[in-house]
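For reference, chains read A, B, C, D, E, F and G in written order, and residue numbers begin at 1 within each chain.
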Amino acid sequence: MDLERFLILSAVIFCIGLYGTMARRNLITILMSLELMFTAVTLAAVAMSRYVVSKQVLADTSNTSEAALQTLLTGQVFALFIIVVAAAEIALGLGIVIAFYRSRETVDMSQANMMSR
Amino acid sequence: MYGLGLAKGLMVTMKNFIRPPFTVQYPEERLPQHPRFRGEEFVWYDERCTGCASCAKYCPLGIIKIVTSPSETAVLEGDKYDIEVFDIDIGRCMFCGLCVEACPYDALFMGSGFERGRYQRKDLVISVDELRQAVKRPSTWFRPQLENARYDPQEGEPLAWEDVGREKWPWHKQEKAGAKINRTVHRGGAESSQDKK
Amino acid sequence: MLFQDFIFWALAVGGVAAALGVVLLRDIFRAALLLIVVFLTIAGHFFLLAAEFVGVVQVLIYAGAISILIIFAIMLTQNVQQGNLPNRLQIPAVLLPALLLSALIFVFVDTDWRLTEALPNAVGVNIVNLAFEDTTFKLSKLLLENYALAFGAAGALLLASIIGALSLVRER
Amino acid sequence: MVPFLQDNVIYRGVYCWLGGNEGNAQWCGGDGLLPGGYEWVAYFVAGLTIMLILVNGALLGAAVFVWAERRLLARFQARRGPNRWGPWGILQPIADLVKLLIKEDIIPTAADRIAFTLVPIIMLMSLLLSLAVLPFARNTYLANLNIGVLYIVAVSSMTTIAIFMAGWASANKFAMFGAMRGVTMLISYEIPLILSLVGVVLIAGSMSLVSVVEAQYLPFILVQPLGALVFMLGISAELNRTPFDILEAESEIVAGYHTEYSGIKFALIQAAEMAGVLAASGFLATLFLGGWSGPFLSTQLGALWFLMKLSFFVFLFIWIRATFPRLRIDQIMAFAWKFLLPLAMINFLATAVQVYFFGFYHGDVPGEITRNEQWVMAAINVPLAVASIVAFGHFAREGIRVPAVRLESIVPIPRVAEVD
Amino acid sequence: MLEDYFRQYGLIAIFTIVAFIVPTSMLMMSFLLSRLGIRPQKPNPVKQDIYECGMETIGGRWARFNFRYYMYALLFVIFDVAVVFVYPWAVRMGKLGLFALIEMMAFITILGFGWVYAWRKRDLEWR
Amino acid sequence: MPIRTEPVTINIGPQHPSTHGVLRLRVTFDGEVIVDVEPIFGYLHRGSEKLAEERNYVQVLTLTDRLDYVASMTNNQAYCLAVEKLMGVEVPERAQYLRVMTAELQRMASHLVAAGFLLQDLGALATPLMYCFRFREKILDLFEMLCGARITVSYMRPGGVFADAPEDFWPALDRLMGEAPELLGELEQLLMENEIVLVRTKNVGVLPLDTAIAYSISGPVLRASGLPWDWRKADPYDVYDRMQFDIPIGDRGDNYDRFRVRIEEVKQSMRIVSQCIEQMPPGPIRTELPFVLRPPAGAEAYGRVEAPKGELGFYMVSDGSIAPYRCKIRSPSLINLTVLKELLVGWKLADMIVTLGSIDINMGEVDR
Amino acid sequence: MTRAFQGEELARFIQRRFPDAELEWDGDSLWIEPQRVREVARFLKEEPQLEFNFLNAVSAVDYIEYFEVLYHLTSFEHNHSAVVKTRVYGRENPSVPSVVEVWPGADFQEREVWDLMGVAFEGHPNLKRIMLWEGFPGHPLRRDFEDVIEY
């Protein structure tokens, strides 16, 4: 149950984030919900990395060299890259929100459909 | 080089760190107080005061209250007035010393205290009884005779009324002083206080 | 394992509650503070999963940097206390994640995972222990050799986001 | 018994006293109080002992520091300082604490009560947590994490959030000013702070503070002069010490982010700040001055050496506070981004090249920089530090020129002839 | 050793709880003192007003702030991410060799461009 | 389109750690930058001018002590000059020398306070302030020796000074003049080259000369803007025409120049004091005047001095009675404040406090 | 020495520019008509031989039947000074043109005169009470002011 509970937790947080992105009007809340989803995915990746082993490693059980062990950490590397992407995303996303706010004086998503004007 | 000024500043503070501190531990250790210091607890000589109320008149704030009445012998023998009330409201006093400057008989002097903290304003009013009973260590402010005698209110003995005058009591000597005050008057202020020292 | 289980459940309950707070609270500043709590609990999970470097990066970047950026953006825009309003799509917004969640849970439970516990102990040493000891040390090799290109791309992405975000926000 | 417990003096003592069973007899030399199978109790008690030391050390240290700062500042200012309570006024902080404890705790009506109350807790918490990895004597620490250096930075970055919460929750404009300024400054100084430690990590080959201390054949302040300088400046900004105390600049924004705090909450915030100085001095001593290692008897007198080095930095902090005025926010930002950041970069790149060269020289045994090599690095890095400070100094000194006051003896001559 | 790892982090977890309890208990103590009547608790509207130099607060409570603060936060986020990535490399610099060194230099240089860009565009200045 | 940041209006004062008394500034900020300033004062208004109409000429003197309570000697001097002009009285030479000497000592004390508080406003945690006060304390000690009070001296009288200096005053003064250069040098060393002070004050709060003149600025603030105008030189009163001294002026009129000019003026004051000690003639110290003065009816006079804060003037009108008919006080602090808005708009909050401090106002004088 | 202009001397300057001005002089003071204050002020500031660029003080004296408003002027260029006065009659709404345009330094001084003496200055940009609070009854420096505040 070790892996599953982490994955389920990750799924729950992901879905809460999904709800937030769909149900809220404030652009900043939407971005915050996106961040929730990002972290949920990161959690899943790290949990996988900790508990799930790839086919090759399992097949080649005699190989305990560093290189093989390192493949176990691929999930963590993924998590790191996700964090980088999340940071870039939030920087640009909030930049867009600020630019939006600058032209509309609001951060309300329901006003965003007037973008074509 | 950048930072040289900062380093100089650090050196200055370090120099002061090593030096003994400049301030003193107040109640235990006191800075020398100069004889001219204008302070509280006015020194007032009943014997000298005629109740003319010049001081009250010249007080810029009007905080001196004087009530006098002629003494029984006043009309006949030319005695001075009895002083019934001589209230000084220290709470409003600004210690300018104009009352002392105005006193023609050298009866009022500045004191040299500064520690008269009270919880209520009305306790700050000095009454005539307090003035009579107070230890008489007048400040030498505006009293050159005391200053010439090098009188030090902090160290010196309390002064009697004969010792503090600017002149040798010319008007009391003959016709006024004897009626009320049974003291012989024969010593001048300046010399006598010097003698004491 | 009792202690670890306790920590897990405490963090999980706290994290889910905080996450719900993030999306449901009306006061957007408090929502942002709760977002920090979510990040911290997830960092705790990372430590539980023996990923200490990822955990500390999570604290540093998510809780320490991204949340500050979000809070600043909130302060820059209006209506802090009433800023987090729901929109009209409440029913689909509840239904879709609920569906997705049930599907995901089904998949997670149903899948037959190849677990690391299945790895045999080679030469008397637990391979899992070996693999997750000093992860930072091992991560560096992966990052800089196996994923060198991605690493370079991350640098480029960061550069792009600096330039992009600055020019978006800059006052002109 | 795991190796990490064997090394730790306090763990070992408590463990042996309580739970030393047969399996550990070879290094405990006897049985403990508890029967076998209860090692976890011994372990737990040992951990709590260190926590007790850390918590009490931090809080008492903060109290002593308050006293020391007030006394020393007074001496720097040619004053006497508090001297009524106890000998040399040493009981003054206790009196202050009692006063603050029984003082009315006012929460403004407009404030956000929950966030307002949480602030002191978070501040003290992040401070205490950062102490967990500090080795304050040989093998004496709560935990020796592999990511120790980053752990410190990460945990102490929570203070930023607390400061922001304080400003926001107070609903006070001065507090908000202080908080916005503070957060902007703290985050700006975090980058050079993190970068300046890379050099240390490069030489030590590990982020664990214990390894860093062990790798210091020379104090790293010589090997990494730039790193030490940047870290020192960065940490004094993180601690809101002069000249970076804009977030509680009393002459401008009253008390900054803690304007509305009173009573015990104020005491806790102050305690966190004061203990923060101690913690920062501890980190400086550990990372750059060799921590518990001393010229002699560093095994026995480790705590003493550590304390001495810590006091040195504490004194330095107080000295600087007594001397310098405060910078303005734009200057502080320029200082971080235009002066400290490039210096940290230079330090890090130079150290990287040096370490690479020495690693290459060693061949197969990397990560171990010997004493002589550290001397060589010091010889390279000290002139480099001076050179780069001079080079980048002029970015920070924009607008400084030689003082310009002239003396004029004459009033301008009137154009119309004077009629006398 | 994973066991060692969990022992250490277990201690940190306990320490977190202790570090939470210590300030909280001090707040509780103060609260109890007010219950016991040792500490006064006499609120009134003037006392609980916001401090603004003795005058009533002008304008609303929520002041929106200048976006210059935001620029620094933006720069900070990006640089923070970048700087953190230096650490895994730094701990095994010796083993990774020239390629990693060059790669890290390249990474830092790329970010250096961002820094130079921000400098040239005067984003590092407080205008 | 820029983000519309709502300007924030904040009260700085009257209860603020660094507004130099009970001055209230309603400041509007955009971020950290000042958009608008409105000084509001009157919290210390005592109606000195009205009070003066109900007191005799000597009693009014005690009111002047309380105008700029950091520099009572110069206040006394200005008032006495005005009354003497009104009466047409000559002052004995020795009294003039004593006046000049005490006024210069007072100027040193006042400038030290100004410099110390300026640095306090810069955030220097009271260290320079303590050093300044240590110096000032020695001067105040001399005042106590001379006239029995340290702050509200009431030393001068129309027609002279009330008493000659006691004998032990002169050695004490010599001692002070001996150690003054070292004390001042320490202060200069601590601050004049300090990079932080330089970046904080140079080119900050620049007051161009034409603005300064248009806004009737006087005193060190005017001189820092570059005009060597000093009433002691331009229209010498008492014995200033016999004194050798320079007028320090600044280049740009920024905060640093104002600070620096004050420090230089302290040095010049030291020069004047030592000249006074050298030239001090024997003789009477007070023209014999009745205690209650009665200037001729309809007489009016404007007496002014170069007070440490600027031109301090007393415009007196007499109706022949024992009290002045009108006593208008031209207070430099109030008039120097006029330019505050010009000086502050566009600068930052931190500069505001420093600029305010560099003008060196005294609320006792502003509100009167 | 600062040379104090005699009233007569100054009057001649002003008469040359404003021939119809009604002037009085006595000793070193000069009286002008109140409605002409701003013009004369500008002339005094700009005339190259006078150049009174510095306004020392604006004062007002209550002589019961009229208010006298005084301008103490100094020229930094020539180091001379002058006193220009004007009389305003009437106790209800006495008013003088403001000289803030000419000398911005008159701002607070005119406000002070208005506050304490009750002489209004036409054209002052911000004429409101300065020392006392808004709504204070009367102008305390007038000779006939009676204290109505209950303490």
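One rule holds in what follows: a contact is a pair of C-beta atoms (placed from the backbone, for glycine too) under 8 Å apart; a residue touches a chain by one contact, two chains touch by 3 or more.
What you see is a predicted model, and the numbers here were worked out from it, not measured in a lab.
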Minimal step count in the chain contact network, subunit B to subunit G: 2
Farthest chain relative to subunit C (centres taken as mean CA coordinates): B
Longest centre-to-centre distance from subunit A, chain (CA-based): B
Result of counting contacting C-beta pairs for D-F and A-E, higher pair: D-F
Whole-Å separation of chain centres (CA-atom averages), subunit B against subunit E: 63
Whole-Å gap separating subunit F and subunit G, where each centre is the average of the chain's CA atoms: 25
Subunit C and subunit D: spacing of chain centres that average the CA atoms, whole Å: 29
Centre-to-centre distance between subunit E and subunit C (centres being mean Cα positions), rounded to whole Å: 17
Shared interface positions of subunit G, touching two or more other chains: 1, 76, 79
Subunit C, residues touching no fewer than two other chains: 50, 52-53, 57, 60-61, 64-66, 68-69, 72-73, 75-78, 132, 135-137, 139, 141, 143, 154, 158, 161-162, 165, 169, 171
Sequence positions of subunit E contacting 2 or more other chains: 1, 3, 9, 52-53, 62-65, 67, 69-70, 73-78, 80-81, 84-85, 87, 91-92, 95, 104, 118, 126
Touch list for subunit D against partner subunit F, complex: 73, 76-79, 173-174, 177, 181, 242-243, 245-246, 249-254, 321-331, 396-401, 403-412
Residue ranges of subunit G touching subunit F (in the complex, touch as defined): 1-2, 29, 53-57, 59-62, 70, 72, 76, 79, 81, 83, 103-109, 112, 116, 129-133, 140-141, 145
Contact set on subunit D toward subunit C in their complex: 112, 115, 145-147, 150-151, 153-155, 157-158, 160-161, 164-165, 168, 180, 183, 187, 190, 207
In the complex with subunit E, residue positions of subunit A that touch it: 80, 83-84, 87-88, 90-91, 94-95, 98
For the subunit D and subunit E complex, residues of the former touching the latter: 2-5, 43, 47-48, 51, 54-55, 59, 101-110, 117, 120-121, 124-125, 128-129, 132, 142-145, 147, 149-150, 170-174, 176, 180, 183-184, 187-188, 190-191, 194-195, 198, 201-202, 205-207, 254, 259-260, 263-265, 267-268, 329-330, 333-334, 337-338, 341, 345, 348-349, 352-353, 355-356, 359, 362, 366-367
